[in-house]
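Chain nomenclature is as follows: A, B, C and D, assigned in order of appearance, with residue numbering initiated at 1 for each chain independently.
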Amino acid sequence: MVDEPLVHFRWPVRVYWEDTDAGGVVFYANYLKFFERARTEWLRSLGPAQEGMRRAGQGMFVVSETRMRYLRPARLDDELTVTVCLTEKGRASLTLVQQCWRAGTLLVEGDIRIGWVVPQADDALRPARMPAEVLAALPVHTDAAQS
Amino acid sequence: MVDEPLVHFRWPVRVYWEDTDAGGVVFYANYLKFFERARTEWLRSLGPAQEGMRRAGQGMFVVSETRMRYLRPARLDDELTVTVCLTEKGRASLTLVQQCWRAGTLLVEGDIRIGWVVPQADDALRPARMPAEVLAALPVHTDAAQS
Amino acid sequence: MVDEPLVHFRWPVRVYWEDTDAGGVVFYANYLKFFERARTEWLRSLGPAQEGMRRAGQGMFVVSETRMRYLRPARLDDELTVTVCLTEKGRASLTLVQQCWRAGTLLVEGDIRIGWVVPQADDALRPARMPAEVLAALPVHTDAAQS
Amino acid sequence: MVDEPLVHFRWPVRVYWEDTDAGGVVFYANYLKFFERARTEWLRSLGPAQEGMRRAGQGMFVVSETRMRYLRPARLDDELTVTVCLTEKGRASLTLVQQCWRAGTLLVEGDIRIGWVVPQADDALRPARMPAEVLAALPVHTDAAQS
């Protein structure tokens, strides 16, 4: 683990009433929404091809595993930054480190594994190799590659 | 308007952390979730045919209009009862009065209009007459019929 | 009702997975989240005083009534604009017209009534007159004033 | 790891529209809502003392870490069972294994770590030892104790 992971993408998130709970802090499940927004915007930034593929039924990413560490709570009106760092690039799945910061304070950190799946006729989602254009659009260098 | 509307269905709802906001009360949008759960269970109680129709692409209900009055807040752990009362039965749409109670106290009240739609090839939702079996499954007597 | 209501504020909203449902469209309750975000940003744009007042327990706005008309569905990845128009300004409550647009197409429209409340020692929310600095920060001209 | 973890509690969850996304399946963050509901009901089943303690500001559990494995998707109308198994009991934190089943099929599994915190005057949440009555109410035997 490196102290300063390579960050491939940053996305701002503002905390609204909808995100908080009666404890006065952001409900723990909602950081997964923030992380998903940042991943979506990161993938969008890599090229619009994936949107078209999903709509054409050629496949999409789904989350297969998450590991979240909740260090400090975010509160109403906080301005957060969510980061995306690609740390492992396989043929069928990716591992990302995502972090949620408020200014210089790390609030929540997660390891997120996403896999490529192709919808089947019976609505099942079959794991599959990523299409070449998806693989080609991803960053070349990852933390793993650097170490 | 009658003081005691005819209630066709009741559904219990418990308030969890996910439903509340930093004000310590249920977030206003979440009562629409509670109302939707009660409508779903009411429709399910009228017969499984609708589930099959939706899955077969023959149509489903969508909400076209809501009018909500927020009288008193619900809080964490509250045990609520959500009611459904069919007040108008058209060929293509229904009007329901739904209420959210905590014991004998009315917290939130809504008029909800739902219409039957059929998904089109281009993903649009076309309004349509309800199938005969849906119409037949609905209660015969409504407030309107009684007055 | 005027065709082109005076718009006091616009706020962009992107549709993410979290906002959609199995019908492929934005879940009806989630437009209330979008509307709340736009109201919050509108109030923030009028001055930071209200944030301080809420945190100091001096009061805040809560929603007392909504009337929503769902005209056309929004879908994943849509870029929406949510508007805020103040149409009635009372001593203790405001009425807003809010709309959700995708480019030139109106998708959802709502009349939202919000009232000023002051938290009590027993956690109840007592309706109260808006503080002078809140009233003073609001736009002078509304649709009602214009007609 | 044992094949059949000791289950201390089971809670039924029905999948509604609010839980699903445009992929036709339950949105990944929402399983954390299901897990939280089951934990809340499990704690409630152990005695009402904790509710009173939270309301009196004496402390409550917050989630410090989650590890989730998404094996198969749940869909609209599914009837799920969420389990709670206490696997580690410390003085200040607990580790639970929670699973989400549809009939005999395991869909999602998580390791959840919750810690006792006491709200401070400045709204911070200070980690603290669990009160004796909370510790006493927890099950004596855990998987760890059995192995």
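In this text, a residue touches a chain if its C-beta (ideal position, glycine included) is under 8 Å from a C-beta of that chain, and two chains touch if they have at least 3 such contacts.
What you see is a predicted model; the values in this text were computed from it and never measured.
Of the two chain pairs examined here, B-D and B-C, it is B-C that is joined by more C-beta pairs in contact.
For A-D, the equivalent interface among the listed pairs B-C, C-D or A-C is B-C, as over half of the contact pairs agree by residue number. Averaged C-alpha coordinates give centres for subunit B and subunit D that are 30 Å from one another.
For the pair subunit A and subunit B, the distance between mean C-alpha positions equals 35 Å.
Annotation: 24 Å between the Cα-based centres of subunit B and subunit C.
In subunit D, the residues that touch at least two other chains are 17-18, 23-25, 29, 33, 36, 75. Within the complex, the subunit A residues that touch subunit B are 17-18, 20-25, 27, 29, 75-76. The part of subunit D that touches subunit B in the complex is made up of residues 14, 16-18, 33, 36-37, 40, 51, 77.
Against subunit C, in their complex, subunit B makes its touches with residues 23-25, 28-30, 32-33, 36, 60, 62-70, 73, 75, 123, 125.
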